[in-house]
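What follows are several structures.
Two complexes come next, and they have one chain in common, subunit A, joined by subunit B in the first and subunit C in the second.
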Partner chain A sequence: MRSKAIMAAALTVAAALALGACSSPAADSGDDKEIVLWHMEGTPNRVAAFEAMADKYNETDPEYTVTVQVQDWDQVYSKIAAAAQSGKQPDILFAIPDFATYVRGIGLGQPVTDVVDALDEEYGLIDAAKAPYLDEDDYWAVPLYGMVQMLWYRADMLAAAGIEPPQTWSELRAAAEALTTDGTSGIALPAGKNLATDQVLYSLMITGGAADFFTEDGEVNLDTPETVAAFDLYKELLKFSPTDSASYAWGEPQAAFNSGAAAMSIEKGQYLAPFAEESGQDPSQLGCAPIPVADQGGEPGSIYYSNGAMVLSDDEAKEAAAGEFLSWLIEPENYGDFLNAEPGLFLPVTTDGANLEQWRSNETVSTYATCVDAMLEQSASGELFGFVDGQYIDSIGEISGQNFLAQAIQQMYVNGMSAEEAAAWAQEQMQMAIS
Partner chain B sequence: MSNSVTSRPAALANSRQRRPGAAAPSARRQPLSERLLGYGLIAPIVIVMAVVIVFPVVNAVVTSFQDQRVIGSPSDFVGFDTYAKILGDNAFWEALGRSGIWLVANMAVQTVLAFATALLLQRRGWWSRTARTWIVLPWVIPTVAVAVIWQWLLNSNYGIVHQLLGGIGIDIGSPFGDSAVAFFAVILVNSWHWFPLSAVVIYGALSTVPGEVLEAAKVDGAGAWRTFWAVTFPILAPVLFALGLVGSLWSFNVLDTIYLITGGGPVDSTTTMPVYVYDTAFSAFRSSQAAAASVLTVIVLAAAALLFVRFARPKED
Partner chain C sequence: MTTVATARQTRKRGAKGRGLAAVPRIVSMVVLTVLVLGPLYWVTISAFKGREEIIRSVPTFWPETFTLSNFEQLFTSTEYPVFLTNSLIVGVATTIVTVVISLAAAYGLYRLKVPGSGKIAGIVLLSYMIPGTLLIVPLYRTLSGLGLIDSYAGLVLVNVAFTAPFCTWLLRGFILAVPRDIDEAAAIDGAGPTRTMLQIVLPLLVPGIATVSVYAFVFSWTEFVFASQFIVSDSLQTLPIGLSAIIGQYTVNWGLVMAGTLFTLLPTVVLFIFVGRYFVGGLIAGATK
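And now, the complex of A and B:
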């Protein structure tokens, strides 16, 4: 009997120890020489490229080695919140400007002004890339690579229809209609409740003069004639998009485009690399053009944003080590390889990055050099909602997180709302979200 | 023949009569060391349950009385204000209604499919033996793969179902992109995913129906329908009851299938209660409202489960 009592006590202790083992050891940065990096670039080639960059850095024998962990964009909002609650956040977190406002809202993020200023002085950072991370006189992320949208078109289809690449909204609408046949949609647009739809619509809002939908006081000012016009154009274009566009996000329009089921699409540079293989066409059949501009009162532009890296560690030594790693990534001898994680999609954020031999010699970048140059040019006039002309809307993360622009599109496309009604509806929803 | 049928309830009755009387003296005789051993053995699971179930539940209830927005952000105690907001939100009631339809429709479709499959599996033949193995295939496929498979099958550009039906002049439109049919399309996908589990359970239960009883019913002149309702169904009732209770709760809480296929759209047409709670917490960043919706959902589910137990529990005689 005594032995059973001892066994019971031993089991209880074992259980306690097992549970104790589930919790992490007390934080001791002195022994912890690892920097954990979270990114959300989950496609296999990007995962491999990011890990290769970390390995290359670790081979330089730094005091702190870098460990890369992949997260999903759809999950990272909840994961980083949970991590913040438990104090287990990564040391470096890749972000885009609106996500950065969310991360700061949950109490994470250290200023990286010194790092950004040093990189700016050394390599010249593009204003559009760094500005969205500036708030309260500090930078909150180190810009690493930019993304911009273009109008992609199948040159062979446009040529067969005798159509020139559209430059204005009316030309875009006419082209979409003319290119729509029994087996082909004139254009493939996303209309799902997702960021893809938000972004394509926003590109058209920019070229329609509705880039800034906030007042100086940070109030929502979406319900304007310019926004209504952009909504109306999107609704019109969806008539020439595949019938299941309401469930489209990033991949579906590209699949339709590459399969020849659609003649045009609006997206970022991820269209370059897989085009020839997936479409079976010569690369010359992939055409690109700036986002068409409104016939009246329009201005050139496109959605553009830089992906940056936030430093979340509040340990001084780790902060410094994270800054060293991020600076190392931007160094010319490494930056080209980093951008080639997704050639054509990842654009340099440094003024001299466009001429990096490592990047320029990449097969995709060199094959589609004309489109790459066009994207770089388009970047100069790029905008991002919530950060137009030096804005910094703290609550933009709550608006973009709920995809109100995309929801407005769905209200028109699925529920039959007019553009005016949809703009008023989205205005009300956005206002409620930040109130 | 009759012995085998009557002896089971008799044995069960005996065991029921014995159980209370047998347990009490045993407990009285149990020495302290044995009781300690018992406590020691269950301690790990009790601790784990407390950590992974009790703490989150208590935390959710506490959060529901606050005004927390982003998870982990500072918040104040606001009493029942958050509940009032939720109860005044049309989207909450719409999601609850959709969840009700989701639960009933899934249960109906899965029960019909499962019963039909189980009855077919009972038949003799090589195809039946083969099907017993392969029928579970939809169930073992990961949900994410199920979502991708059906999205591919029904895609309007390259979906094989679309192409095949289009070839004979039938246009199915876009089942996941049309708010009028998306909800039922997702119900069918979810039922396709889960019905094999019910089919296997029902098939197992069917195999316990004594052949002698069926033969006796046949001898007494009962037809197939009468035999099913008067003999087979009562024997299956306890299994169907358990399956209905557990399956309904599982089904109600399905989030992954819906989220992966439609994300709750188009225009919220597939937003059930779990999707509503998830979106409220992680898209709208209203943690307290999501917690309040969760608490209300638990209350509704508990009430539904009690009613189910009260009215659907098979009689023990």
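And now, the complex of A and C:
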């Protein structure tokens, strides 16, 4: 009797859940007075900050309210394509330059030149942030925040070894070797097939004079002595990186660095916020320096990601409303809070933004002010593959999406290719991908 | 006396021989246990460590500073409870619909004399072998046309499309194991096909139903690709998507990830504790009959 009662109760609960599944309304209401925004910043603090910004904007009683929806970077390529085919795309889509070319390639995206020009005139947008979105005399995304890489080092470990922060490739290699001891790696580098590896390698390619690997005709020109030198350096440095580097992306080198298992790393400003808590060290022990440059023919620089927002809606009123919201985000009274969604990682794209009190007074930004200033300075010489010196390679998404640079690293690290062979291999793969 | 001593020696040698023979079995069991439970143990203890301890280069095998902060953060600063509820709703709905459909299909294909049932059964199983990722765009268009994008119902429908074919095949062994004489006896007593199925055969298929229920629930619980494509709103996201977002790009809060993983594992572990024996037995029965 009792078992029958339990069975009945279980069936009732199950039926209620199943009915709930069938009766749940679609969340995308299609409200005409709503702007749907997709972003890919899924970590809890960023989600909360972006939602807070949307709420704050909606409190100003705009004609169109903003609804924020979080997507996953790994899935958004196929998701936006499927959504586009069904006419279900969002009105605003956060993007990086190579993703923007992909989105345009599937027939989405409206020019936002008026918005960008107005923001540029009022607040001064830095070139590295806006240039990657310029094509055919129009801007295709409104730059919102930048990210740049630095050489991070454990000041305590370098001081103990009597080593100065490296400024050149040879110094970097020597430092990595000297800092490698039993149980400690000189440097932690990613070597997985992922964007993290692409990015670190590209920073070294920039400082080795190999930033531009396309011809004027848009053909791949990767197999050059400069690229080979950068590949060779990476291969050398991996000897002083933890042995499981082949599975590393973003999180693992940072964990190795903060735990003291590695003395140096090359990454963006996400290293600031968790350093003291995870390492147990004083914040002063987190050192930062520009990416070391090649001993000969090198130039300062780093990969620079301009994160922007594309307007996808082709409804004129919604287009205008989307532009208004994006401009509102950049306004000085809002922009600091927006950047504080990930303090230290999100850098201002306006020249005025660097002095915003809201941003500067953030605990992470103020604690690591020296490194923040160094990143802002590094931003000025930032580059991104496919967009160097005014380039706009339509098919760059095919290359970045398949992580050919990272694959080349794996060819060296896992399969034992030489730098020359890996560069030739990557050149061939990239050319095939865009042909 | 000599005979007794000889017998003792023989028994000792036999016991020693059996003991030695058991060594490879015990070693392989220990190795397998460590391989299977090791990561689970690591996730569990890491969830109770602080951020500094969790990434320490010399790992601790037991938390030095036992903390619940990761769980607190998981439930207060993320939408984890929402993801959990969504996964439960989708999982239970997928399970119920899968059981109903696959049971009806299996009964029709393997019990009733339906013309061409053998070929139909083959085609049903074939559909299970199509990689789901190839179907994302057409499925998206179909669901969009039905107004089911970004809804529980759409996700349940897709999940069932992938669980029902395998579950139908899985039930084959159980249905074939029920003697047909029972049907004939029921018919003599005046029971129609529906009554025979529901009141006579169905109670004998409980282990099979438990097996497909577990399979369908676990499939839905761990399903990532379709949930990531067909659910857009944060309020409808399921656990795998929510966990993926917690891992995030550029930064990883390992404690949060471990706590989230632990809570994601729990329901399936509990499910297997209660009905795992049916599942294993059911898979063997389905595969061999």
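As a convention for this text, the second predicted complex is superposed on the first by the 404 of 435 C-alpha atoms of A that agree within 3 Å, B and C clash if a C-alpha of one lies under 4 Å from a C-alpha of the other, contacts with A are read in each partner's own complex, and residues count from 1 in each chain.
Please note the rule applied: a residue touches a chain if its C-beta (ideal position, glycine included) is under 8 Å from a C-beta of that chain, and two chains touch if they have at least 3 such contacts.
Please read these numbers as outputs of a predicted model, since none were measured by experiment.
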Partner chain in contact with A:414 - subunit B first, subunit C second, else both or neither: first
Which of subunit B and subunit C A:77 touches, first, second, both or neither: first
Subunit B versus subunit C as contact partner of A:85, first or second or both or neither: both
Partner chain in contact with A:258 - subunit B first, subunit C second, else both or neither: second
Subunit B versus subunit C as contact partner of A:243, first or second or both or neither: first
First (subunit B), second (subunit C), both or neither touched by A:403: first
Which superposed partner A:40 touches (first subunit B, second subunit C, both, neither): second
Which of subunit B and subunit C A:194 touches, first, second, both or neither: first
Intersection of subunit A interface sets (partners subunit B, subunit C): 14-15, 18, 78, 81-82, 85, 255-256, 259, 261
Interface residues, subunit C side, partner subunit A - complex: 51-52, 55-58, 73, 77-79, 88-90, 92-93, 95-97, 133, 136-137, 140-141, 144-145, 147-154, 156, 225, 228-229, 232-237, 241, 244-254, 256
In the complex, subunit B residues that touch subunit A: 31-34, 36-41, 43-44, 47-48, 51, 69-73, 151, 154-158, 173-174, 176-179, 261-267, 269, 279, 281-285
Touching residues on subunit A, where the partner in the complex is subunit C: 14-15, 17-18, 20-28, 38, 40-48, 68-75, 78-79, 81-83, 85-88, 147, 183-184, 250-251, 254-256, 258-261, 267-268, 270, 273-274, 277-280, 342, 345
Contact set on subunit A toward subunit B in their complex: 1-2, 4-5, 7-12, 14-16, 18-19, 77-78, 81-82, 84-85, 102, 105-107, 191-194, 242-248, 252, 255-256, 259, 261-262, 397-398, 401-403, 407, 410-411, 413-415, 433
